[in-house]
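Same chain, two partners: chain A is paired with chain B first, then with chain C.
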Partner chain A sequence: MTRIIPIVVVIAVALVACLPLLGDNYLLRLGTMFAMYAVLALSWNIIGGFAGYPSFATAAFFGLGAYTGAILQGAGIPMIVAWTGACVMALVFAVLLGMAILHLKGHYFAIASLVVAEVLLEIATSWTGLTGGGMGLNLPVLQISIEAQARLFFYAMLTIAVLALLMNWLVSRGKVGFALRCIRQNEDASSMVGIDTTFYKVTGFGLSAILVGGAGAIYASWVFYIEPADVFSVLLSVKPIVMAMLGGAGTVLGPVVGALVFIVMEELVWRNFLSFHAAVLGLLIVGLIFFLPNGILGLVRRRRAAGLKPEEEGAA
Partner chain B sequence: MLYLQILLNGLMLGGLYACIAVGFSLVWGVLNVINILHGSFVVLGSYIAYFAYVHLGIHPFFSIVLSGGALFALGYAVQAGLINRVVGAPVLTTLVLTFGLDLLLNNSMLLAFSADYRTVRLENPFGSLVVANLVVPLNRLYAMLLAVVLTGLLYVVLMRSRIGRAIVAVRMDPEAAALMGVNVKRIFALTFGIGALMAGGAGSLLSLIFPISPLASTDFLGIAFVVCVLGGLGSIAGAMVGGLALGVIQSFGALFIGPEHGLTIAFVLLIILLIFKPTGLMGRRGYE
Partner chain C sequence: MSLLTLENVSRSFGGLNALDAVDMQVSPGEIVGLIGPNGAGKTTLVNVVTGALRPSAGDIRFEGRSIAGKKPHQIGRMGIARTYQVVQPFPEMTVLENVMAPATFAARAEDMRTARLKSMEALEFVGLAGSAGTIAAELTLAGRKRLELAKSLAMNPRVLLLDEVNAGLNTAEIDGALTLIRRIADNGVTVIIIEHLMKVVMTLCSRLVVLHHGAKIAEGTPDEVSRDPHVIEAYLGTRYSRNLGAREAAHD
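Up next is the complex of A and B:
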């Protein structure tokens, strides 16, 4: 079973990569959004899923990446360099922030990470000279056809989504993942047996930021216009958590499954209940907590475990 | 003189901030749940006061009973029906759950009341008191005094009543309290109800001072965060000190930096405090 999964994943990615062949721009937009959500959920999974730290900093990394990318592009720097710059910026910010706030636990960490995004939002709104303030920032328009743009940004987003998936896979198999899981179960004990908890937490936090910054920059180039309330929105921090929990937090594929289910539901809700969509998202969250506490993959795994043999299951 | 006036404004604001935050602090301390709904509870209290005044002519100072009672019932029901089922789960679970409930409540209020800002316009405004060049708007002063009375009442309830002692006991050690015959789940529901009641009461008082809109809920939630971290979690005195401190800091911040940055100043302060002194200005203490 475990050998089949990588093959299935590769085939699934290949199929998704064929999406532009259908020639449907609506589907392509959904595909790009799906890839973006997958990046956010997979990235959050490193710090929130593996290490169990309730981070609400995703919006901060995303907005920071979006503004870094937009400002660099506005200065005439090539798009791909601007995107890379956004990744670096998010990584540096996360490492510094992590060193400052990762000693906090539980609710205190959650609040600190939540408030950081709010402060960045205020800075972006006030610093009119650099960011255009509340009026937002326009990006240079690309001189290629609309269809070519749609394809370009779809493939860019898909590329970092695949990178995010690879990152999760490597982390979960490697030393970092082992250390982060130990920290989730008992941080004091991990530190006692010689795990440098601060180092691994900061590493995990940095990894959870780097691709989110890139996704923010690609998003900015994709929509041509960003404003602080849009890219620093608290929902950008909450949705990835919901997606990861929906699929199964702390698993490699869970966040992707969650992102897929989430975007389908979100699209249906947006289409049918425009003025009530936040409430429907709220209902979805409440239902998720009560009926799917271990996510979809948790459910599948439990079914299988019950069918085969009693298996030790990690409490997600 | 200017500084004295600003200090006074800050203290008046701070009393209300304390009242907003004390219920949030109680819930956090006793249940270890961050109630993201708190801001929306405050707004709902304001709306109840607004409609009670417009339709029934009840003065917001008296509609505290109405808004407090309604919010208590709502809070009790939410805790007993929903949050109690996951109260022992990891932090993330309860946090995300209350966030989801907040999306639901806030969106419902937006649909029911629209995003328009409303204010309670009294037929007989209180006017202002002028003492030695200091201007004291009486509605603010009375609202602040009532907020302090409300907070003091909560203190007395926690200290003197059987239920209050049970709440304090559960905060100290839920298992020991359960062994002494305290129904912990019921105390959780009561505590959450009381937290909501305080939010509703604060909402009534605020309806005289701030414009009412569902969009304001995040500001109130942010204030509650900052006050709790400033004053230290889990004591009424802490919430009082934190509230007054935040009010004064914001007033002076508005003078020196600009009034539009009030919440930003508070948030920056919060991050700095969390980094260097997470136990708050008063240190960590219980409800003794």
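Up next is the complex of A and C:
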């Protein structure tokens, strides 16, 4: 089983990468959104899933990345460099922020992280000289065909989505993931067994930001125009959590599965509930907490574990 | 040469002196019993030594170096391990993974394979090797206490602080735990044990330290301490000492 999964993942990624061949721009846009959601959910998974810290800071990293990318590109810096700069900016910001708020636990941490995006939104709105304020910011238009642009941004998003997946896989197998899982289950005991909890939490928080910053910058280049309320929207913090929980928080593939199910629902169901789709989102969260505490993958795993003896399960 | 030295260590919570100018020296290879009534400051002492709490005053030295104010993970890596009165497993992990955490982080095993080998060794030592694949939350209380021991042993400790490892165990389980603690000490680990069962303390410990209201009121061999009038008044009670006297008279 464990040997088949990587092959299935590679095939799935290859199939998604063939999406432009269909020549359907609507599907390609959806594919780009899916890749972006996957980046956000996979990134949140590091701090929220592995470490169990309910971060609502995703929107802050996303917006910061979007503005960093937009401002750098506006200054004439090449797009790829601007995207990289956005990753670095989000990482540095997350490390500093993490050192300030990661000693808070549970609800307190959630609220502190939620406020950050609001503060950045206010700054972006007021600092008209740099960000264009509430009027928003236009990005340089690329001198290539619409189809070529759609393909470019799709592959850019897909690339960092794959990077995010790789990051989750490496973290889950390595020391960082082990430390974060210990911290989630018992933080006091973790420090007693020699885990530098501050270091690993800040590392996890930084990892949960870096690619989100990149996604924000790519998003900005993709839509040509950003405004504070758009890229610092609280929904950008909530949706990744729902996606990760939907698929299975703390697992490598869960957030991707969640992102896929989520975007399908967003397109198929919510189009028919335009006026109250926020209510549907709320109901979905409540339903998740009650019926699927371990997500879709949790359900599959429990089924499988039920058929195994404890020793086999431990070896798997 | 003392391995662990507490010098004038105090810790207060608001107006309450949980530890009040405690001096204590532990030599390598000793099994020291820490006794005293509830609220005497025994667990606070363990917390202060392991870095969970900062001392309000005084100094703690381990192998000559001051460790007062250091973080728990730093102290753990130096070779001071503890178990908790209320067991603290990582509930969703397997027993083996639970032990691999200290092997990986405190004892800094080179890789996961080494950590796994070391952890299996520790599990075999405490007799839990058969449950290596069990989820920790599913163990019995006695099993979880053994798991705590295995976790602290995987840290390669020089000093092990045991906070009421026997609480809640039945007589047979206590005998098993005592054998284990003796074997740990035989392997060269210095043990400090908090214990309410006088039978355990009297047979296991080479030396006792008695705390009362945060202050050290007596120190010495189990015999000396059990005759100390302050200890009898504060902790043992007159009936215990009379019984002890009667038992000894019967032996003579």
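As a convention for this text, the second predicted complex is superposed on the first by the 306 of 316 C-alpha atoms of A that agree within 3 Å, B and C clash if a C-alpha of one lies under 4 Å from a C-alpha of the other, contacts with A are read in each partner's own complex, and residues count from 1 in each chain.
Keep this in mind: a residue touches a chain if its C-beta (ideal position, glycine included) is under 8 Å from a C-beta of that chain, and two chains touch if they have at least 3 such contacts.
These figures come from a predicted structure and were not determined experimentally.
Undergrad: Once the shared chain is lined up, is A:48 touching chain B (first), chain C (second), both, or neither of them?
TA: Once the two structures are laid over each other on A, A:48 reaches chain B alone.
Undergrad: Regarding the shared-chain residue A:293, is it in contact with chain B (first), chain C (second), both, or neither?
TA: After superposing on A, A:293 lies in contact with chain B but is clear of chain C.
Undergrad: Among the partners chain B and chain C, which is in contact with a greater number of residues of chain A?
TA: B
Undergrad: Counting only touches as set out at the top, which of chain B and chain C does A:6 meet: first, second, both, neither?
TA: A:6 sits against neither chain B nor chain C.
Undergrad: Of all the chain A residues, which ones make contact with chain B and with chain C?
TA: Shared contact residues on chain A (touching chain B in one complex, chain C in the other): none at all.
Undergrad: With touch defined as at the start, can you tell me which chain A residues reach chain C in the complex?
TA: Interface residues on the chain A side: 175, 178-179, 181-182, 185-186, 188-197, 310-315.
Undergrad: In their shared complex, at which residues does chain B touch chain A?
TA: 28, 32, 34, 82, 85-86, 89-93, 95-97, 99-108, 110-111, 218, 222, 225, 229, 260-261, 263-264, 267-268, 270-271, 274-275, 278
Undergrad: For the complex, give me every residue of chain A touching chain B.
TA: Chain A reaches chain B through residues 48, 52, 54, 100-101, 104, 106-108, 110-112, 115-116, 118-119, 122-123, 126, 234, 238, 241-242, 245, 275-279, 281-286, 288-290, 293.
Undergrad: Given the complex with chain A, which residues does chain C contribute to the contact?
TA: Touch list, chain C to chain A: 50, 52, 71-73, 76-77, 81-82, 84, 88-94, 96, 100-102, 104-108, 132-135, 151, 155.
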